[in-house]
Amino acid sequence: MKLSDRTQDGIVVLSPSGKIMGGPDASLLNDKLHQCIEDDQKRIVVDLAGVEWMNSTGLGILISSYTTLRNNGGELKLANVTDKIHSLLVITKLVTVFEAHDSVDEAIGSFGQK
Amino acid sequence: MKLSDRTQDGIVVLSPSGKIMGGPDASLLNDKLHQCIEDDQKRIVVDLAGVEWMNSTGLGILISSYTTLRNNGGELKLANVTDKIHSLLVITKLVTVFEAHDSVDEAIGSFGQK
Amino acid sequence: MDKPVIKGNTISVPSKLDHLADVDLFIEGILRGYGTDESLIADIAISVSELVNNAVSHGNRGEANKVVSVSINKANGSIRIAVSDEGGGFDPEEIANPIADENLLKEIGRGIFIVKSLMDSVETKKSDKGTTVVITKSLQ
Amino acid sequence: MDKPVIKGNTISVPSKLDHLADVDLFIEGILRGYGTDESLIADIAISVSELVNNAVSHGNRGEANKVVSVSINKANGSIRIAVSDEGGGFDPEEIANPIADENLLKEIGRGIFIVKSLMDSVETKKSDKGTTVVITKSLQ
């Protein structure tokens, strides 16, 4: 896995890429997400366009970030969920938990509407 | 590659294992061989029983150790050359350079006969 | 052992999560050699990564001197993969349901459930050497 | 790029010798998926390791931000492997003969010679993107 991040319209966009399978890579995303929370950057879009696949470790990171953000008054949204990851979200019913958007712009726009 | 070493009858026996393909592994054997020379342990048997295959990097390490030892009044012998490595020694004519023995004991014994 | 070792269709790695990627390269290689389609390769690779994670963390309890082995073969139009650890095993039928409301937001506990969903069968075998989880998937 | 990336039957790695082992795992996986016999797998793996060493050290001159790609396929009973780098290429026919007496004790210069001995053919192709060395080996 690789991880790049940027800020757009005051919202943090995290773009992991490759496979999220656990091990040294997984903590990269985990650490970054928790660092955002510490930095009081609580509106986060995780852009999954470049993620080939993830396993339950990846889902666990997303869930833990989602709940941590929510408990701190923040919000995590997904963008560009690929077919493979969408299937996993359906299988695990996490599709009912995450707000997902077709593009990063749409995800960012949805924060403003509140 | 992995490398273990021991001393038997005053002769150093180096036993690499796995594949010798270059990269971080290769320097392991290289460093060890040159350390032996510095420590004035100049009679060395390289036991190839555990080496699945090597490429020209492996041959280069053996040659450089062989010549360095010889130039310092020492000697390097091979033991348990597998079929795959024997073919490479034949292809590269290095079979005419290295003294090879069917076992570590035989290689060690051959030093005494001088 | 400090490196992956290949013997035929089996790869053995030290029990560390750093080696997840090594197992993945080998298994994805074999599957491509079989001519498996890309979507199925991903499903199998995901499942294997779950089982190797479990073998390292639960089976071998993170003891890096222990070994995890993964074997793969194809027979009768079906792929069979066995993941072995040196631990005491578990019963895949007794795992809490991760899609029950009270578990939905838990961070862990979805691995075997996902494997069961993606593969055709998941079985565990215990011996005095350790535990092997065997998964199969038909190529149709 | 900082990790191996697989796309179909191609693996691309950052230009570092640390990734020799990654390429080997993938290529040995594919060959086992093809059902190749163990001795031939070793000959091909040795040859690929020579070409990747060269692609990293000579082609990409050790610049880690460059990429080395290795593709493999099987057609008409023959295995074909292409190793690409971003360098200016070379002529495999113009390499000094490593078994000539004056070269016998040299530390380097045996790689391409070994590949030629083990494989059926070795060809280089140059484009504006870099150099590709293509080797083939018949399965008989």
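Read from first to last, the chains carry the letters A, B, C and D; within each, the first residue is number 1.
Quick note on the criterion: a contact is a pair of C-beta atoms (placed from the backbone, for glycine too) under 8 Å apart; a residue touches a chain by one contact, two chains touch by 3 or more.
What you are looking at is a predicted structure, and each value in this text was computed from that prediction instead of being measured.
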item: Contact-connected components, chain C excluded, all else fixed in place; value: one piece
item: Any chain in contact with chain B as well as chain C; value: D
item: A-D or A-C, whichever has more C-beta pairs in contact; value: A-C
item: Chain separated most widely from chain A, comparing mean CA positions; value: B
item: Centre distance in Å when chain A and chain B are each reduced to the mean of their C-alpha atoms; value: 52
item: Centroid distance [mean C-alpha coordinates] between chain D and chain A, Å; value: 39
item: Chain centre separation in whole Å, for chain C relative to chain A (CA means); value: 25
item: Whole-Å gap separating chain C and chain D, where each centre is the average of the chain's CA atoms; value: 31
item: Contacts with two or more other chains, residues of chain A listed in rising order; value: none
item: Overlap residues in chain D, where contacts from two or more other chains coincide; value: 3, 21
item: Arrangement of touching chains [line / ring / star / complete / other]; value: other
item: Contact pairs between chains, per stated definition; value: A-C, A-D, B-C, B-D, C-D
item: Touching residues (chain side chain C, partner chain B) in the complex; value: 2-3, 5
item: Sites on chain A touched by chain C in the complex; value: 19, 21-24, 52-57, 59-60, 63-64, 66-67, 84, 88, 91-94, 96-97
item: Chain D residues within the chain B interface of the complex; value: 16-21, 24, 39, 42, 45-46, 49-50, 53, 98-99, 104-111, 113-114, 117-118
item: Interfacial residue positions of chain D with respect to chain C in the complex; value: 3-4, 6, 8-9, 11, 21-22, 25-35, 38
item: Touching residues on chain B, where the partner in the complex is chain C; value: 1-2, 18
